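When the chains are written out, they are named A, B, C and D in that same order, and each has its own residue count from 1.
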């Protein structure tokens, strides 16, 4: 056990899984970096450095750069998975999914069903998500709701280094296609991470705070906001369950429903745009399956129905933050 | 690349099986027996069979919406295919895929595909797996003349070149993408030249001639197996039926299909060639014809009488593990 | 006024709008049909015959076939719209959006915002939606939830011939990008449709049945199921509001919230897969904004979280139907 | 295609403005003044300016993530650009777009684009609008060597040929897509040959020479205006800074950038050429240099002191009408 960053936890996981299983391969744009240059390969080691060192250890066949061809990257992953590999590919920003979603939506996610079983498609699409870096409208989006909607896809949203390593390992060792959303703003955060490999089962949420007055469900970076608010409210004598579902598909419905049964109040904090996003998804789940336990309107904290503005002050206003979440919790508690 | 008697018989049997399978489906669809959209392969048999005869059972193919021929040529079970197309239990995909998603992974048949251009990236991936395993397998991506305008196909070709992946891109140029002519939709009109511009050898051949298809494919397969990377093959062929069943084909020339059946038929060509070369006797071919017709008949009967998929099948196979 | 099919209403609208405004252009795969063939152009007139007769009247420049290039089709529409045209393009099946969503998501929908205003992108993507034809997993899907999620996109789901014509006209005359989802199973249904042009404002729902016991919100073809159930229940003395929102973005939230305030019960019927689909979206809306009026758990009737099976018996089991909706309404009413 | 004195001065002024704009941004970014991701165009000026000098104000361009140069060359307001990149009120996009989405529709500049390959389909559409209006306008799609592997770009090229749309595809080949070399990522290595295979004329020229760029573009523009359809232009050029600011460029050769600045600089070339031909005096060019530096300085001061966008701007411009 030692303190590692979210970035390093992911990188370590990739190293260990490649070491463990020769069928694990990594490819994508600039995951090696320097291919075809004078500086030479691994001159850079991945745009966000998540894949650093892999090529040096595992070589050309198992770690390689691709042209800028998102459809072919995801499609090649799906085909390679059908043929026995366990590809872990990188789509630099999930904002680019509009170019390559078909290979997840109509291909990888459906093989097993369309073919009547027997099709294993163990592939992981690693990608980045989230606003807060002034990366503007096309490099900041949260679209895990789309992929969550697709039967057959598993969707992972690690919020901390420990989860990042354990969820990624589970994804790589599973038999289903997975999208693994890395929050760009979390790359630098640190936490305890075992040096050995371990697996976090998919579909098991994490109760990061325990309380009795309200349930806060939060995803990815929003978990940190929710935790901070819960801690602050605790000082005021208001205690909350904070649930980090960790995976949106499969979803730990049980943990959410059980918590709401205890607290009677639900606040969902999510970075997707509001319509058909995760906040309303969770609200719909609870309003249909635990309605009788609810004591107050469900509160949803999301960005507004707008693209993501560039100017930092506007982006700040766009994003959920502690003040907004705290206000929502207090409102759910009738203004306490 | 010399074909022995067994191979020739198999090739003929497969082509004939495809033909009769499709001719019969044409009738069954007319009778309302088959649900969904069905795209018949009749007329293009020499292409599927010529290509797959150059492959082993272990090689991979990815197919298109017009996938029955590729399936049969790759050795898929014909009664199982028929059940699948009827949407019945015991079908190749337990009735859950249907004509557009028919597949048999055990035969290296990675699926028909309802998405034009969906397959080629998959083939690149399968080829990478083969390359890494060092098992000498190749992956064939079937596609039509229309598919060659889809961005995913270009991406796949470029990526195959970059990665020196053992892929063969087969373009079955039947002159039409749905109701649009190839001369309209393909800028430059030259599919092969477009492939070549990505940096791979590109060959054109007569797709109604089994032997030309086979030879061109052997060359590409050999190159791929030897680490020489991808190739592109363009075969000129003809489609006998409408784009999908039930479509009136008003865009075709007067008498075009009759003329093609008369002059370009791959089965007729094959019979003439093996006859002239005295490789297979007409009697033997006639015997095969009879066997094929029996197989088709029994497949149809099997499909008709097969039970529906069980209700719980709706919920299975979504994930391997949840 | 005369009786027209949904198909003919759309075709008539296209003819009238092209007549009215020279900037309206129509393109896509086989929208003319027969280009580059011996049979000649318009030998066919669109795969589903929606564009029949347009080329004959408006000629090569305004009505043309394209190669199979979904990204370029939608992108060309967006670029043409920026440059003054009003393109109405066809993507044959919305199942293909995984290939071309980028041009809606990152381009057309965001221009006006990213450019700080002044960008008009009047374009309509006509496409088909819905299962029920044994068209299997890749030609039957409902993904309007994805597009509803995108700020800047308007999303239209006409359920009858009258709405089809009026909504399409509104879309063509507006200044924003629109996706217009035609339900394949509705092409043949008939209804009263004025011969003259008219516009249905976007964001105004249609109350198709009036009642006091429950509110049923249903989309596209599901509206017919909801109406039939409402009629049947009325015979039993149970009356329902049935709301056809007609457009999911903008959404007539007011109509839904007001109805629930009266009835206290909500049933949502939708053909999207359940996670992050429209059913949970509407449920989330109501559970957060009209919670205090709800007298019972919200009931959601959707397909299961599976791809769409080919076999007709399985597809039938997959789809919402009258029996499932009736059961949901009765459950919401506590078993009445 | 003879350039008069005014044109030459404008060309030099624009190239110099781009250069100084980017050199200054490099410094400002280092100081932490600029939010977000910024891709500098320094080194490639002759390409943007050579192309845009062949266009009118009414013609369209679509740009890339590396869009400042294209903006300036198309005549966008420089202080407004600077404010935009600083994320301030009064920016070209009111601070809502930033470097990657900078645009000015009134100048026919249809936007920088954060999506590699996002622009070319838009250019095809703008060209169709021009074709239909019969206004003789053309649309230029700028792209890099890396973008030429994106499926959307191939689709756009094919569609432009099919529709005979007046589009010019400009590939600025600076040898790198992010940290990957062109020789690795582009199968065949020959971007122009790939364009040509779609059935359009494809020309290669030295992108560091304003005059070569201008001439090649004039030819393509003339063809497009006269109904001759699309063309492809590939310009070899050099990027002086990292892919995005803050990136250490370890993939580049030792001393590569210094050598390029020394030997391939487009401003130096231009000065030498117009000097040798006695078209513009060094003194006049020096005057322009001073004016440009003043403009950049005042633009930076203007951007620094400009107010933030008002809070309500978050909610505006999502729709034209709801």
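FYI, a residue touches a chain if its C-beta (ideal position, glycine included) is under 8 Å from a C-beta of that chain, and two chains touch if they have at least 3 such contacts.
Predicted model, so just to flag it, every value in this text is computed and none were measured.
Note: the chain lying farthest from chain A is B, by mean C-alpha position. Remark: chain C and chain D have CA centroids separated by 39 Å (rounded to whole angstrom).
Centre-to-centre spacing of chain A and chain D amounts to 35 Å, using the average Cα coordinate of each chain. Separating the CA-averaged centres of chain A and chain C is a span of 30 Å.
Shown for chain C are the residues in touch with two or more other chains, namely 66-67, 69, 71-72, 95-96, 99, 102-103, 106, 110, 113-114, 136-138, 151-152, 304-307, 309-310.
Contact of a single residue of chain B with at least two other chains is seen at positions 93, 95-97, 101, 113-115, 149-152, 155, 158-159, 162, 184-187, 313, 318.
Taken as a contact graph, the chains are fully connected, with every chain touching every other chain.
Chain C contributes residues 71, 95-106, 109-110, 113-114, 136-138, 143, 145-146, 148-152, 248-249, 251, 272-273, 275-289, 291-292, 294, 296-300, 304-307, 309-310 to its touches with chain A in the complex.
Remark: chain D residues 149-155, 157-162, 184-190, 193-194, 196-200 touch chain B in the complex. Contact residues of chain A toward chain D in the complex are 29-30, 33-40, 43-44, 47, 65-72, 95-96, 99, 133-139, 304-307, 309-314, 317-318. Those residues of chain D that touch chain C in the shared complex are 60, 62, 91-97, 101, 103, 105-106, 110-111, 113-115, 118, 120-133, 139, 151-152, 155-156, 158-159, 162-163, 313, 316-322. Chain contact summary for the complex, chain C toward chain D: residues 25, 61-62, 64, 66-67, 69, 71-85, 87, 102-103, 106-107, 110-120, 151-152, 154, 174-176, 203, 250.
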